[in-house]
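The structure under discussion appears below in the form of structure tokens.
Chain naming follows the written order as A, B, C, D, E and F, and within any one chain the residues start at number 1.
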Amino acid sequence: MPEITINLAEGRTEAQKTAIMRDISASLVKHLGVDPEAVVIQINEAPPPNKMKGGMTFVERKAAGK
Amino acid sequence: MPEITINLAEGRTEAQKTAIMRDISASLVKHLGVDPEAVVIQINEAPPPNKMKGGMTFVERKAAGK
Amino acid sequence: MPEITINLAEGRTEAQKTAIMRDISASLVKHLGVDPEAVVIQINEAPPPNKMKGGMTFVERKAAGK
Amino acid sequence: MPEITINLAEGRTEAQKTAIMRDISASLVKHLGVDPEAVVIQINEAPPPNKMKGGMTFVERKAAGK
Amino acid sequence: MPEITINLAEGRTEAQKTAIMRDISASLVKHLGVDPEAVVIQINEAPPPNKMKGGMTFVERKAAGK
Amino acid sequence: MPEITINLAEGRTEAQKTAIMRDISASLVKHLGVDPEAVVIQINEAPPPNKMKGGMTFVERKAAGK
């Protein structure tokens, strides 16, 4: 505790995902005073057909250049 | 905001998934008065061994004809 | 199944929340062919200090007129 | 890790909630071989207007005797 | 209802996952008095680069022998 | 997108919660290259009887001085 779940569209590199999780972990340790081992983060990635924003799936957004 | 997460057993077509996300997006824009770009929906799909209902995994439910 | 979780800032009326959940429920029954009793929806509401968008909490967004 | 989130309608006693979390914790330690301190469980409770099943909110379900 | 979501690092066997979901299902039926069909459980598995604990991804934890 | 959900035991100050959400937002903008408005974070807080770690509820952990 605390537990962080990130909903993310597929396509980020392992380096990008590691970087954000490290920042989040460090921030929670710093501001909440918790033990680093207590901070658990999971990224749930969705393929493009499984995510929508603005009424368009991420398949449609890519096709539309968004 | 708002953010919608859908837990779903694998096996739906892309057309089915797109249809429900479009309906959800349209309903939230209509009833909550939010900007369409503010509505984000993600489907987290589970393979049959990773989901249970009624005390049976979805592997067992299929085998039982449910 | 399917199970839907909605992350929402506090402040919507009961009528608004009922309306979106009814639409979501009806859409899933229609497009996925599931039994209505199988569709479960929960809204997790956050008070303004517990939600952030665009780098501002919903306390800050209200103060800024957003 | 693992992290368990339970979506629950309001109305259970503290004893009921403690009992299910203890069982879940014990089961994960037993079957996954993880350290007890690694198992974290959170119950997110929804008031009756924030939850729907079978196309009816839990306000409506109570009124209908379900 | 209730709906349980489990965030888990990849690598458990189907037997392990079935065992914990059966225990959870049985516990909720016993302590909450709900119908077995009302208990739905989904495991969202993360590959090692998508999960972090103690400031290290599960790729790094394995390399470090944790 | 991305959407971040944080499961947290009650008891943090508004300043603490704002600080971690600002750090998370800034990190995602920096490392993923997304628009700040696209980053949405919600903290779902649990009262002590609704959270367990190490087989003890947060009521029991406090009583035990953890």
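Following the convention adopted for this analysis, contacts are C-beta pairs under 8 Å (C-beta built on N, C-alpha and C of every residue); 3 or more make two chains touch, one makes a residue touch a chain.
Keep in mind it's a predicted model, so treat the numbers as computed, not measured.
Hopping across touching chains, the smallest step count from chain B to chain D is 2.
The equivalent interface to B-F, defined as the listed pair sharing over half of its contact pairs by residue number with it, is C-E out of B-E, C-E or C-D.
Relative to the C-alpha centre of chain F, the farthest chain centre belongs to B.
Distance between chain D and chain E, defined via averaged C-alpha coordinates, is recorded as 14 Å. Distance between chain A and chain E, defined via averaged C-alpha coordinates, is recorded as 19 Å. Chain A and chain D have Cα centroids lying 25 Å from one another. With touch defined as above, residues shared between interfaces to two or more other chains in chain D number as follows: 1, 3, 5, 7, 40, 42, 44, 51, 53. Chain pairs that touch one another, listed by label: A-B, A-D, A-E, A-F, B-C, B-E, B-F, C-D, C-E, C-F, D-E, D-F. Chain F contributes residues 7, 44, 46, 49-55, 57, 59 to its touches with chain D in the complex. Across the complex, chain E meets chain C through its residues 1, 3, 5, 40, 42.
Residues 1-9, 12, 16, 19-20, 23-24, 27-28, 31-32, 51, 53 of chain E are the ones touching chain D in the complex.
Touching chain A in their complex are the following residues of chain B: 3, 5, 14, 17-18, 21-22, 25-26, 29, 36-37, 39-45.
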